[in-house]
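Sending over a structure as structure tokens; questions will come in a sec.
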């Protein structure tokens, strides 16, 4: 069997390699950063325009009141689930191979949540009054509506985001201490000193650290599941054909894990290349991630088919009409594309040879995420265009450039945050990689001892 | 209730607690403010008991949106008229209004109203003071002799009409051209011949079957709000026997869309259908008068079916229904009259009423107006031809236009605009700078109907004769506008100073005129002030109970119907101009509520369209939204196509009312002017323009637009859902319904 | 581990305690004062002279200007309060109606100003002191009918509930916050329905009462 | 404000729906529309514009589907592919159905749309944050969103036109959802007058703008709690009960000979608008 990591990497080398990624960036980094900034600028410009003129510039209309904002919001929420999966679930399951890659996955969680939050905001017709949806004691003596799934959403996302930030930070403390100890001047030193909370690696610290980390991880897992279940409730709790589906929560969670894993593959490949992390982000790990992704893809496909089947065989004629409309109406190209990307493309991952084919996996992972984005759009829009009330069917509505601009901008925003993170914080967990190396060498030693003993 | 009109104007002054500004600020400011807004008392000087800020007062008046003369009640608050409701005491509209009437406030508050007298010389426009304007008019009419001063007006009635008549009298002119672009003038003439009255009273509510030959009495014909009231009763019926409506026309009107059976008839063959029904009635055993029997003999069901496209079975069914359910009522409308033989069509239809014995039962004589000088003078399309002719001949030196927009609505063949140019001095009384006002030398700005005094005698009075009062509902918005009565009075004071010196203004004249005839207006025995007050507060003065009588009986003699017209190979389709309930003849095109109110049948807004039957469209290869070119011998326009099942395949239809080049911000450049296509073909008997006689050809231009309409992607389909449900009389029990 | 556990228990305890407290904290801003800004009016109208209490000392010498008030009912001038949403600003004629027969104060600066407006036949541009946001529709009639006519409260008390003790003010100044919570705090209380005071009910609490 | 207060109101709120233990006390506003009388003339819709300060959006925005007509007249054709629609069209006035268990109410995050004690589905403009969830969840799609700031848009309300605005109705700015209110400003005024006189609103005392305009009296409006009101009698005669998702009369064999029905009754929203089926003569 291939090794997830070489057991003979010196610990100092690990420190050196990872800390090197924090050093003065290459020009390519700046280029990427600038491009991301420009993309974000486009989105920001669109929002300023929309804020001033009104939501009409998004080219939404009366039957068709939601559009890409909500679809992209779900997409980013979904994206966030990967980090939790890798860092919390796999942590509990003692899957060792997660260690070199969970840090950036966890960062991805945080940043995609921060991106998703923006979409909730830009979606609001009266952004400046968003605080009406926040439960706090106020001079109006009013409360928001606790029945509304949208309110649950806001609460769940906020909780998830804060928990994710804590989890990310707590898990990073020993590494911050390493960074502190290896950097001798400048703002970084101050920053790491502050954030490392006086970590010295004593036994007591390690013990408390483990307990805390484990607790937060345990807390985070149900939260992650509930967040996307609640997002699913936005739809499942409504009465609209195509939305009113009982299986939406697990379907959404599966979809979330799916798109998250695909995004991990993408970022895995990028980071491995950009920061030269070949030693840590090894092919066997990639293979494991790909296999995991494939498994989730099949789960998603199954749930997807269940959804179609339950609509098809039910007596809900309106829902059936929406399904037919998805497959044959103006959204058909996107709907078929989504099914292709979501269920057919991952089949490539079955082929062993392809699992470590970097260009191919890179392309596949992008396609998977395209499919998942389309999935969200195909959940939101066709129901509006072909709802219960035939008089208001609107098959011609098409998102305006403002909507596309903001979707585009959100990728810039995410990239921006991620790029900054990578240069400020170690994107590979040094202490856990060391653990991994140590465990492997220990295992090796044991084996050797055992072999010796046999002789 | 109110002391006198002049004072009331003061009360109505906008002095208030600025409601509008308050309302507009909307949801913006969310916190308590202090000392930012100004608040003054409602009326600074004196305050009548009824004027309470925050509480609406209703004043009765008369709607000016069409000639039906509905009685309305204006809701007035803080000195502003906010909304118009129907006057519940009105025999015409019984508290109801149509959409057009509701939009009356938009004619009043319209930002595009003319606000100053304007003198236009050589392309230059300058503002003018009223006394200068009057002096100028005096100079010009002084330089013309008798009939060289001509008047072109819309339908006129009431005391404004009296003043017009007197002024013409003073000038020695008899050139009064009364013009209405879409009025049922042929039917009026035919009625006169058949029944002895222009417009008999119709009792739709008493009929058990109504057969309407294209009379859109629910949409735009004569007095739609009144007929809608009758229609509601007719549908409720008596003893649970619901009235049956059969509509026979080539293009479905709003009334057609509400019919139990809508029969698409080949354009122009309405009279043949009527005779066919008579024939079928005879065959069904009804005894026909000899002359009628002789006339209808040739019209057996098969032939009629062949000529008209209405199946023989339908004709027989209709005859059976008419025979079984009496009384019935047959109405001839614009679809029947719009042909060169329109009068003959209408006569044949009247004959059907005679055969069915409806005359005297559901067709009744109208009330007699005891003061003929205030009675309505209805407009004719032929007036325009006559005027155009005399203008072309240089016989008109001064032309006054009021309540008519002939430059917009004249058929191209009349070359009206060109001939108008030959008139040296043209005075337009105008609310808007419409196409006719644009051509005038002097434009006099009119008060809106919510600012002026006046009286109206409706053309169609459902009960006894009534004089409708129009009174100001609020202070003038613009100080330099004048009521038409005031203008005419000022002009008369120039010509006959002695007769009118006692009257400061039209209000004084009107009050005097009404009080003089107090006894005849139901005020015998009351003192002047009380009577005047009561009349104003009611908004209606009764003019006696005298009813006329139907002086004639429809006769078969002289009636001959031509064979159905052969298709014209160069212009194979017939254009049916559609008078929409929203825009009528186009004078309301600048009222945005009406532009945004979807056409009931197509649901199209803000545009003109070309309706065609799916089979016609298929033949032409046209789909919805294709820009098609419609050409007649007189003109060519381009408009979007709309595929519409309710039209005969031999015809296309376009709505009237849009395509203004000059009117206001909401009207200009919207749609195309269908009037521009009309051929100058007239009804042979009356000389009235036959609206449906225009032959057109339609070709694709290759351009396509999205038709802007309320109807969505599903079109008129309910997709199998239970939304607008229909049942039939045999499946429903109507007796006992609340 | 124990320490962690005790931390949790402590936090949970604090949370529970706070919740219990929040749950039963009585609403108490009903009478809160929130003085508005001083507003400069075209004429510095002395409410105290009109609505204030009569000063018995004034009776001694009627020729001298009075120092007390005249105890005029609020609704003498704000006459629409019982009939309309708005209480109304009196028309100029109402002021003149009394003041033309009050020569004793005719030459004071305020009254001279008043007559200047009257002579020019111009309305006085009073500034609005109690200006609610435009989407709030407070109804004077309802409150006056309920508290003055049904329940029999003295007019000044009923009006004063929102407007403060006007009889002691010169130019009126906002005394209460007029915030939604302030309105609601009163609407949630039970008030006697009539003068006998046995039956009570609270104000309506659906949004459309005031926002429409 | 306090939590217990909230919980108490919560309970009340839940009970405003007509469950057996808490029926409507004084008023339950309801409507019935006779489709046999409705001619589709649009008088009601224009009256609604006049009464409720609805903006005219113009052709482009109408084309974009952003029209603001609270009441719309829908026109349906038969779908049996005959050459001509020889039984006419079917017209249906459609506006907010003021559902008793309204799907829009439960989903609004800010609680801007609620049920009033009178059984109205209220929309509070100044509380609305514009999430548009209510419209998304409305089966009838009768909610209209202010996609633009119409008060400041050119040629919507030029200065002169603002004088026509109804001072009793707030003009909505951008980002706010709005819909038919059953002319709540008229209802409140009538209730106010009645309360001053110590009585309840009488049948016919208050009319909605559409009802008042309707030339054929197709629209009836009134208090369903008052058994003698016209609307209550109509509902009773047509055997349509408010809080049912299917009426007993329809479960009879062969259906009933009554023509009252509600649209999408099976969705259990319990609409307050009853329609009476359009009738066509079978003998012709």
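A few comments on the model shown:
A, B, C and D are the chain letters, set down in written order, and residue numbers restart from 1 in every chain.
Everything that follows uses one rule, which is that a contact is a pair of C-beta atoms (placed from the backbone, for glycine too) under 8 Å apart; a residue touches a chain by one contact, two chains touch by 3 or more.
Please read these numbers as outputs of a predicted model, since none were measured by experiment.
When you average the Cα atoms of each chain and compare centres, the chain farthest from subunit B turns out to be A.
Centroids of subunit B and subunit C (each the mean of its C-alpha atoms) stand 54 Å apart. Note on chain placement: the centre of subunit C and the centre of subunit D lie 37 Å apart, centres being C-alpha means. Averaged C-alpha coordinates give centres for subunit B and subunit D that are 32 Å from one another. Averaging Cα coordinates per chain places subunit A and subunit D 43 Å apart. Multi-chain contact residues of subunit D (touching two or more other chains): 1, 67, 72, 74, 125-127, 169-170, 176, 264. With touch defined as above, residues shared between interfaces to two or more other chains in subunit A number as follows: 63, 141-142, 388-389, 391-392, 394. Touching two or more other chains at once are residues 22-23, 25-28, 30, 54, 706, 711, 717-718, 721, 723 of subunit B.
Interchain contacts join each chain to each other chain, per the touch definition above.
By the touch criterion given at the top, residues 36-37, 39-40, 80, 83-86, 88-93, 121-135, 174, 177-179 of subunit C touch subunit B in their complex. In the complex of the two chains, the subunit B residues touching subunit A come out as 706, 711-714, 717-721, 723.
Chain contact summary for the complex, subunit B toward subunit C: residues 15, 17, 22-23, 25-47, 52-55. Against subunit C, in their complex, subunit D makes its touches with residues 1-5, 9, 114, 116-117, 120, 122, 124-127, 168-170, 181, 184-185, 188, 192, 195-196. Those residues of subunit C whose C-beta lies close enough to touch subunit A in the complex are 1, 4, 27, 177, 179-182, 184-185.
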